[in-house]
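In what follows, subunit A forms one complex with subunit B and a second complex with subunit C.
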Partner chain A sequence: MNRLAVAAVAIAVIGAVTAPFLLKSFGIYLISMWAVLTVAAIGLNLTLGYAGQISLAQGAFVGIGAYCVGLLTPAGVPYFVAFACAGLLCFGIGWILGYPALRVQHHYLAFVTLAFTTLVFLVLRNEEWLTNGIYGINAIPRPTLLGWSANSALNFYFFSLGMLIAISLATWWLLRSPWGRAFAALRENPIRALSLGLDTRRYTLMAFAIGSSLGGLSGALYAPLVQFIEPSSFALGLSFNLLLMVIVGGSGFFFGPFVGALIAVLLPEWMRIAQGYYLIVYAAMVMMLMAFCPSGILGLIERAIKAAAARGSPAARELSAEEAGP
Partner chain B sequence: MASFIQLLVSGLATGAIYALIAVGFTLLWQTSQTINFAQGEFVMLPAFFILAAVDLGAPFWLAALIGIALSVLILGVLFKLIIVDPMLKYGVMPLVISSIALSLFLKESAKDFYSAQAQPFPALVPPIDIHIFEAVISTQSIVVLAVAIATVAALQFLLDKTRLGRCMQATAQNPTLAIILGIPVRRMVLYAFLLNAALVAIASILISPIYLAKFTNGETLGTAAFLAAIIGGFNQVRGAILGGVILGILDNLSAAYISSQYRGAFPLMILIAVILLRPHGLLGRIEERTV
Partner chain C sequence: MNAVLEVSKLRKTFGGITAVDGVSFEVRDGEILGIIGPNGSGKSTLFNCVLGQLRPSSGEVRVDGKPTTGMRPCDLNRLGVSRTFQLLQVFPQLSVRDNLILAGQEHQGSMVSRLFGRTDAGLGDAVGRMIAFFRLAHLADEPAGALSYGQQKLLDTAMAFMAGPRLVLLDEPAGGVNLTMLGDLRDRLQAYHAERSATFVVIEHQMEFVMALCTRVLVLAEGRIIAEGAPQDIRRNPTVIEAYLGH
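Take a look at the complex of A and B:
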């Protein structure tokens, strides 16, 4: 990481810590939602950005995690046990789903995961004895940590932010490990990775299952944040939304999901003037971004920085011209 | 028995419409590796073109022609030039994302610029019930089936018996070789987009009287088309037809005889079974992997 990136991250962390003191309660709710959805987007970025597989199941994993916590904590199970259960459950389900689904790749996987999301929605809606159906689950308690209660909006924000930072650090460590490098090798050239002796299917499956478990953890934070969950929150729309977040931010960039989730959460608020039209504008923006820079906003920034550096030195100019060439 | 026949016929009619949508979907995939996640919205939209033309005072037959023409222009030509062409060089993934965004764009546009309410849509024939062996069959189902079969037959004739159709097939099977043989490949790809736009417009005219014209229609229709295409085989037109028909019949029968709550789940289970046991679909060819 170069100096510029370190400075950007430092500013972002300071911003994230000071922001809630400048905001009203709805603003704090929004940035808490940002932190929660970013966790899910980080998970999807592992699957999509690093293992190169389109998954439309992330919303369903958020739902499974949310219902796990929403059902266990009112029954008296400590929050952190329920939180761990959500992660493990989604890891297991992700493994079981991925095992057959990853025999086929790319668009097939997109459709299998799409089917899975619809199935999960149907189960959540129809199995009323367990999930209370369309009436949802109410009054989910917020956690208490060694006597410190995360009940107020402000405290819950810091709780989610803390969780986000912990999960980001764990993911950072994972991506630096030999495993993470194997993930990147899969994305860049799966056939070469295979011929270098990587068990590509196993690593793809691992990336998918870990990504799914992060979806579950995100759901485990979502349930106490919203305190009311119902099946339609976790229908296909959420999966599409998470996918767009990762892509808009920049898939394969570590900080892509942070940027993408911020835009997806804040854009409706910024565009209050446009009212119902904001989704049209958002969709048009995504299409334009895909046409001009499929690597997302961070890809755009990276390109701009390289261009600026190229203006400085002739050698760098040649280098960036070479990269832009093919 | 009577109710079984009724369910079978109405299932066949829905299945025939799914088949039309799925055939268009596979045509795009075969000729340009485009996976159109907005295919369902492509079916939703022509109904609104037609309603808008009717609102302006056109008789229904003229409105339908205007609807098909607008659909070919916007969902065929403009879709290819503005969305697909700039993105083909990046590979499959950005185009998938872009078509997901396009589906959102079309859905919200129909909602904001026409209406969020379901709109009644004129039927091709007045719905009269015909009694055959105690079974009650609507004329609507019969007309839907007849139009769908005629459309598919015309398409098959075009693809198999005409020079143009053979050129398109050659383009789908091996673009490089097609270029060497002097086939204008780019134009053939464009024709596939035009055919797809015409197919979705016809499907829209057939399905809207049954489902009403509603901006959310695309979600279920699009999913049905993907499922039909995968179950039947992604790279075969007749696979998509088979997949569509299976899906339509299964949907109706399972809702009636097994569980209406889980009617949406059965096609998905078939999908997962097909992908596990025959990933290339029931009638599909195995695509060789290129290094």
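Take a look at the complex of A and C:
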């Protein structure tokens, strides 16, 4: 990373750390939700933005992760064990869901994953013996870390933020390794990749499994945040919302999900000044963005920096050399 | 001399059409074998069957005496068989350097060691040498999609050589390349051949290119081999002339 990008990240981290002290409890809840959903969006960005495999199942994995923690922690399982279980379970299910992606692509794959989301929703709603059906699960406890309780809204926000940072660093590492290049090869030209010795089957399944397991980890943070989960939170709407975050932020940009989740979580709330029309205004803004900049907000910023570099500003030229998104 | 590649009685049918009709040949260690033939004579289908992109209807393929019929392209590549494509196949949004690292990284260590190893999979020096060898140094950090057609063709060829293969199959390397670039490409192929004593199989339409580069030529027409020999003999062979000029 060059200096400008480091500075931007540093400012964002300082902003994320100071923000809760300036907010009331609902504001803190919202930025906690941002941190939690960003984890799921990072996972989807890995599957879709880097490896090029569309998935409308990310919301279902958030649900599986949330129910995993919601069922295990009240039964006395330590939170971090339940957290790891959520990740591993979603890794396994994501691996299996990757098999259709070996046969179908694009909108066909979107339908396969959409059907999976519906299936998970039906299981959560109908299998009352396990999930308590439409009554949901309430009073999910918040974790305690070496005597430090994440029970207050402020503490839970910092807990979520810490998890987000840890998961981001792990994802950064993964994408910087030869695996990241292999995922990009799947997106760009799978036939050529195969002829260069790349086991495209294994990498495709890996992209699905890792992306899904991040969905599960996000769910494992979601359950103690809201402390009450019920099936309809994890219906198709959430999967579409996560897809929106990835695309609005900038699919295939590392920081795309952070920006996209911020917009998808906060913008509808800010728009409340438009009263009854706030969702209409929000939807119109999303449509405008998609029509004029399909590469998302970070794509827009990259374009602006490139234009500035073309005019000869040395600082901008330095920044445009970085952030090699698609 | 040993045969690097043996193809015996290979057949490939699509519905009622027989694209490759019982082709047998072998490629000897260190030679540059040219395969020529009119459009639709089955050259590319033959390549795709040999390389595992298509499953042959019958027949057998052996690499270094080992049966490889129906093997996946990625496994075949790890045995040291590499290829280029008739239509350009690079990774347009990745830099030239990343294209080349990608072409070699799956031959370095295991999937797990690559995850925890270096970003360039330890290929930095090898990529630097390959970039210099193909004279792409000034373009190393450009996205491959920004290169001219001829430059992408050079990159495509360089990628096929990245893993140090013993056998390289080149599908129309000269197609759509201008004369200057063509001279460059031939020069680089000959230099690599001399340096590494690698074995090449070249499918090509451009006669001059084949005559200058290849040590032996096979002629394919309607899915069968109709002639075989040294380049200068093939040029005078009446069967070949008829196949090319039609009836």
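What we mean here is this: the second predicted complex is superposed on the first by the 308 of 326 C-alpha atoms of A that agree within 3 Å, B and C clash if a C-alpha of one lies under 4 Å from a C-alpha of the other, contacts with A are read in each partner's own complex, and residues count from 1 in each chain.
Operating definition for what follows: a residue touches a chain if its C-beta (ideal position, glycine included) is under 8 Å from a C-beta of that chain, and two chains touch if they have at least 3 such contacts.
In this text, all values refer to a predicted model and were calculated from it rather than measured experimentally.
Undergrad: Is the arrangement of subunit B and subunit C around the shared subunit A a clash or a fit after superposition?
TA: fit
Undergrad: Quick one: is A:I191 in contact with subunit B, with subunit C, with both, or with neither? Answer first, second, both or neither.
TA: Touch partners of A:I191: subunit B and subunit C.
Undergrad: In the overlaid three-chain picture, which partner chain does A:P100 touch, first (subunit B) or second (subunit C), both, or neither?
TA: first
Undergrad: For A:A283 in the superposed arrangement: first (subunit B), second (subunit C), both or neither?
TA: The first partner, subunit B, only.
Undergrad: Return first, second, both or neither, reflecting whether A:E269 touches subunit B, subunit C, both chains, or no partner chain.
TA: It touches nothing on subunit B or subunit C.
Undergrad: Per the contact definition in the header, classify A:I247: touching subunit B only (first), subunit C only (second), both, or neither.
TA: first
Undergrad: Could you give the angle made at the Cα centre of subunit A by the lines to the Cα centres of subunit B and subunit C, to the nearest 10°?
TA: So the C-alpha centres give an angle of 80 degrees.
Undergrad: Tell me which partner touches more residues of subunit A in the superposed arrangement, subunit B or subunit C.
TA: After superposing on chain A, more of subunit A is contacted by B.
Undergrad: Between subunit B and subunit C, what is the shortest CA distance in the superposition, whole Å?
TA: 7
Undergrad: Using the superposition on chain A as set up above, list the residues of subunit A that contact both subunit B and subunit C.
TA: Subunit A residues touching both partners: 191.
Undergrad: Which positions of subunit C touch subunit A when the two form their complex?
TA: It is residues 51, 53, 72-74, 77-78, 82-83, 85, 89-95, 98, 101-103, 105-108, 111, 114-117, 119, 121, 159, 162-163 of subunit C that touch subunit A.
Undergrad: Touching subunit A in the complex: which residues of subunit B?
TA: 35, 83, 86-87, 90, 92-98, 100-102, 104-105, 108-109, 111-112, 219, 223, 226-227, 230, 261-262, 264-265, 268, 271-272, 275-276, 279, 291
Undergrad: Give every residue of subunit A touching subunit C within the complex, in rising order.
TA: Against subunit C, the touching part of subunit A is residues 174, 176-179, 181-182, 184-185, 188-189, 191-200, 202, 324, 326.
Undergrad: Going by the contact rule set out above, which residues of subunit A touch subunit B in the complex?
TA: Contact set of subunit A toward subunit B: 54, 100-101, 103-104, 106-108, 110-112, 114-116, 118-119, 122, 126, 191, 236, 240, 243-244, 247, 276-277, 279-280, 282-284, 286-287, 290-291, 294.
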